[in-house]
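Written out below as structure tokens is the structure these notes cover.
Labels for the chains are A, B, C and D, by order of writing; each one numbers its residues from 1.
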Amino acid sequence: MNFASDNTAGAPPEIIDAIVRANSGTDSSYGADQASRRLTRKFSDFFGTDVTVFPVATGTAANALALASITPRHGVVFCHQGAHIHVDECGAPEFYTSAKLVPVPSPDGKVTLSGLRDAARHFHRGDVHHAQPASISLSQSTELGTVYATSDVSAISAFARAEQLAVHMDGARFSNALVSLGCTPADVTWKAGVDVLSFGATKNGALGAEAVIFFDSAHVGDFSYMRKRAGHLFSKMRFVSAQLEAMLDGDLWRRLATHANSMATRLEAGLGAIPGVTLAQPVQANEVFFTVPNHTARRALLDRGAKFLLWSPPADEIPLIRLVCSFATPAEDVDRFVGCVREVL
Amino acid sequence: MNFASDNTAGAPPEIIDAIVRANSGTDSSYGADQASRRLTRKFSDFFGTDVTVFPVATGTAANALALASITPRHGVVFCHQGAHIHVDECGAPEFYTSAKLVPVPSPDGKVTLSGLRDAARHFHRGDVHHAQPASISLSQSTELGTVYATSDVSAISAFARAEQLAVHMDGARFSNALVSLGCTPADVTWKAGVDVLSFGATKNGALGAEAVIFFDSAHVGDFSYMRKRAGHLFSKMRFVSAQLEAMLDGDLWRRLATHANSMATRLEAGLGAIPGVTLAQPVQANEVFFTVPNHTARRALLDRGAKFLLWSPPADEIPLIRLVCSFATPAEDVDRFVGCVREVL
Amino acid sequence: MNFASDNTAGAPPEIIDAIVRANSGTDSSYGADQASRRLTRKFSDFFGTDVTVFPVATGTAANALALASITPRHGVVFCHQGAHIHVDECGAPEFYTSAKLVPVPSPDGKVTLSGLRDAARHFHRGDVHHAQPASISLSQSTELGTVYATSDVSAISAFARAEQLAVHMDGARFSNALVSLGCTPADVTWKAGVDVLSFGATKNGALGAEAVIFFDSAHVGDFSYMRKRAGHLFSKMRFVSAQLEAMLDGDLWRRLATHANSMATRLEAGLGAIPGVTLAQPVQANEVFFTVPNHTARRALLDRGAKFLLWSPPADEIPLIRLVCSFATPAEDVDRFVGCVREVL
Amino acid sequence: MNFASDNTAGAPPEIIDAIVRANSGTDSSYGADQASRRLTRKFSDFFGTDVTVFPVATGTAANALALASITPRHGVVFCHQGAHIHVDECGAPEFYTSAKLVPVPSPDGKVTLSGLRDAARHFHRGDVHHAQPASISLSQSTELGTVYATSDVSAISAFARAEQLAVHMDGARFSNALVSLGCTPADVTWKAGVDVLSFGATKNGALGAEAVIFFDSAHVGDFSYMRKRAGHLFSKMRFVSAQLEAMLDGDLWRRLATHANSMATRLEAGLGAIPGVTLAQPVQANEVFFTVPNHTARRALLDRGAKFLLWSPPADEIPLIRLVCSFATPAEDVDRFVGCVREVL
């Protein structure tokens, strides 16, 4: 019953097989290998438009490098107050961009237009005293397991265009969002105004593989130099690229994310029926946030072997619990956990 | 009727005289001159404790360098949402520290304990995913012309100590605050738990002179190297130090700030009596924030030759106006401005 | 006949097996997994002293992070003029440290004491105008395939101690150097005065795994935060750590490096006997540098299917060629290449 | 007899007068004042072409900001091994640019074409592993008191153009070089291919005033934001700009530099006639480098009240002494110093 994160799972056989297949003979290094060179076509097909692809191995690297491509040193990045880039990457965006992150509050993890407007009005364009608004980062799905509708993304992108801001999407759980929305990858990215995407594969089953996807090559800039000088250009890049390729081949990404999402939905259904449980957020991807009435109940769940994170400060009287499902979460674990909660309450 | 800022005034004769006196013969460069060497004793006397003093020439330099001394690259600086360091220094603190600024909201420009607690709870000490809480920056007086009571500062410092945070005071208008509080310089700084102060002289009448004051030499660290590599070590430092010395000599700082504050009080009294005017903040130092009913009235004031800043977004229906008084603001200008407002409304 | 680099080879079965074994069930993320936790003991045994181990996935990350731990922002890193950190990492050390790299020339890739002294005399300790000497970085084996004797390292470390400098070893090809020297890992590291080592596994057969090894925990500082904010903390760290563990288990590192070195020696023997070939450097690890009389000969080798890098500027009349052997270089390729050279000349 | 530096002198009356004149009434802040606005025209006249001017207060700020405008973060700046930016600014260029400085050796302080070519060949354009050649910085006059002929500058600029590098001139002693060359300011800057100049006024008599001059507005980029976020935008900018204006008015710069240079020539003549003295560099501006036979002689000069810097490492047997003359150096001091040397030897 490990719901601590989707990164506590390992990798499905398809990923391991891809690594093994990639390990045949010599190949060019630093991304000139065959697997890496195939990625451009495969991701372009996936998105239905010509994209530029840069594989990296961690989500923090993908995000920080993507933001550094669209944000000058004197720029402002707007993001949700609870965005991973703001609260979970130890200042990586500041390190890579040297810019300022300005958090936008909202209860459901999604940046709102009114929140953006409020945040942006403190930073006047062309005023040398103000860090200059440069970009917006959206997490899809969000840190609270919610998903932006394509219309949400389009509306924010329209604001961004009007204000000359670039739009980044942190897609650490992009596959889960796609499955949830049932739309095409294009619909919720470039067609909705996204300029650059951190396409996550690790949380969805890769060992360590993410892709920075530029929909507009004008934003690429010095990316390849920045990646290298950050130490994120792998000499044996084929082993990173092979994982990404495997994710796209036969829509593996979809199968894996569909399972994860369905386990979250199963949790939602089970937990929602238990008196004393309150679901704190709509379950739209692979995460479930819910409260139990007290810490005694929470600890009783831990005692029964469940692993999860406490999402509220420990001092809060009503514990908010986060559950994350992965491609590997067994239905039995879900059912067992629901049973435990029922027992405990 | 120039109320645009206290930096639109020049310098009083005492400052010019100090420059002229400093210009006699050769002297050592880079801070080894006689004026600079006298500063340690003079500032130590001023504060009633041994301090370490680093003169610089701009407030942004003072703040950014001070913060960089107490904040590691992976650190968090908490400050008010409208703090100068957050919204008026074009990201200087991020440039110098490489750290993250986390804004704390409040209506009156003062960081509150509850705001600090809310902001801090997203950044867990010892958790490698989180930028690490490192420092708090307080503006004294604030960007909204309010002043922290010594008990306010002590309460925040107590929180800071408990959370292992250092406390910085942005004293661009420190003299105005001191005059307002009527306390000693010690009372509202080291005795109240402040670790490092940006002592501002420029807004109070210097050409360009500020001092970074460390109350605890343990925080000095690599300051002298950072100042040099930032280009803020003046070769002819005597001309910066002479201004600071002049400010302390004969309590010039007090005379200048007393005048500025009294002009603000006079504005407050005059404006407060006019129907249609609302004072938006208590006038505690040398700034006045008030609203007039509409932009027609605001423009009418500009047409009559008044200079001031619009502090609310232009789109707001009720304009919020900021007036700043300086050591040089004539009482006649104050009275004339009040008369204009009366006329216009 | 791929001698372009040791990173054009894939991975030996032991590494793949380790990945597969690591992929069982859920495990803690971000380095709290079982494989990562075993590394401290295994590397401490390997080095015969208690070490602190931080796995990362690229050599550039290992070097830049290690240097950032021992070099303040206003510091100087001394390194060989041709050091990987200086000419092959696109400024990564400057990005991570914000410090200055000062190159030291020498004909054989090894930093010399006299070169260090010459370079250091421009940067006076305690003089605020000068970036402050902070560290020395040695590549073992060097970029020219030579190896520092333990006495070389000790002599440089003695200088370092006297000058209050820390010593970093870039061990991207550390295993090759160890095999060449026939000494213990301790002999040429901490016993010879090295403070922090980038232990390379990738060039020796890992998919992407390096370890930053601190011999003195006093130097660790904020490493874990810096690694995270650089995006080099892997969520599924077990797959990086498993590779490092596999390298140590049963001395796999030694077997792999022994093969690579012996192939280089075989090349040296074969090429050295051919008139017209000049070996440019002693072959002490897994690299061979030699000249052929003209570019026609060089091109003829390429035409025969050999892959290698031209190490001299293309404009030079006498081409300097670099050959690198890996754990996977077949003896037949070596012999065939030697035959080709004989044919061509 | 203070020959320690040209920054140990104060300011001539014209500079003080300019400060006093600037101190009349209120004026706009942050460079919107009248003096600052006149600078564009005055400097454009001075250079005979339209220039963009940014006043700052220190030479290190001017250099670091200028370099940051023409050098990307992954760039290389080539400069002389003894350049101020490399050895006397505590890493300021690295801080502002995040790029790599590559020193070029030569005996007389001037970057040579062959030295540039040697240095540049390690950094291949378009190769992601290499920091990318971006700019060349020339000091005019140099740190060794020599002066580039206009043909020297043109030749280096031609190389720069061919290699797509921008050219920066560190003109901390630009006026001294101009007087020495007897050419127009245009001849040795934009007409000779210089893109951006740090125009120094401080060493020539200002209290603290330098101007970054862009000859090609395409290089200006984000300069105004970078200056602000570095803390180098003065609120009371009029006092900096007034100094620059005073330097240009009536060719004050020329009168001051002519005196300084003539004092250096007088030293050269006097010292050159003394047996045992060796002039180490041609005296082409306001600095004299010479050796005395031993440290006893050097110390005897100090004992007689002379102030100067020892330019060779203290361990060297033959002391190399640097003398710098300023606008304020009295001829009597020169003659007295020469007399002292004669006495001592």
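By definition in this document, contacts are C-beta pairs under 8 Å (C-beta built on N, C-alpha and C of every residue); 3 or more make two chains touch, one makes a residue touch a chain.
Here the structure is a predicted model, which means the values were calculated and not measured.
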{"item": "If a chain touches chain B and chain D alike, it appears here", "value": "A, C"}
{"item": "C-D compared against A-C, more contacting pairs", "value": "A-C"}
{"item": "Farthest chain relative to chain A (centres taken as mean CA coordinates)", "value": "D"}
{"item": "Separation of chain C from chain D, taking each centre as the mean of its C-alpha atoms, in whole Å", "value": "40"}
{"item": "Chain B-chain C separation of Cα centroids, rounded to whole Å", "value": "51"}
{"item": "Separation of mean Cα positions, chain C and chain A [Å, integer]", "value": "34"}
{"item": "Touching two or more other chains - residue numbers and ranges from chain D", "value": "30, 73-74, 89-91, 94-95, 128-129, 131-132, 225, 228-229, 233"}
{"item": "Touching residues (chain side chain D, partner chain B) in the complex", "value": "2, 4-5, 7-11, 16, 19-20, 22-30, 56-65, 89-92, 94-95, 202-203, 207-208, 225, 228-236, 238-240, 307, 328"}
{"item": "Residues of chain B defined as touching chain C within the complex", "value": "30, 72-74, 128-129, 131-132, 222, 224-229, 233"}
{"item": "Touching residues on chain C, where the partner in the complex is chain D", "value": "73-76, 81-82, 86-91, 94-95, 98-103, 121-123, 128-132, 313"}
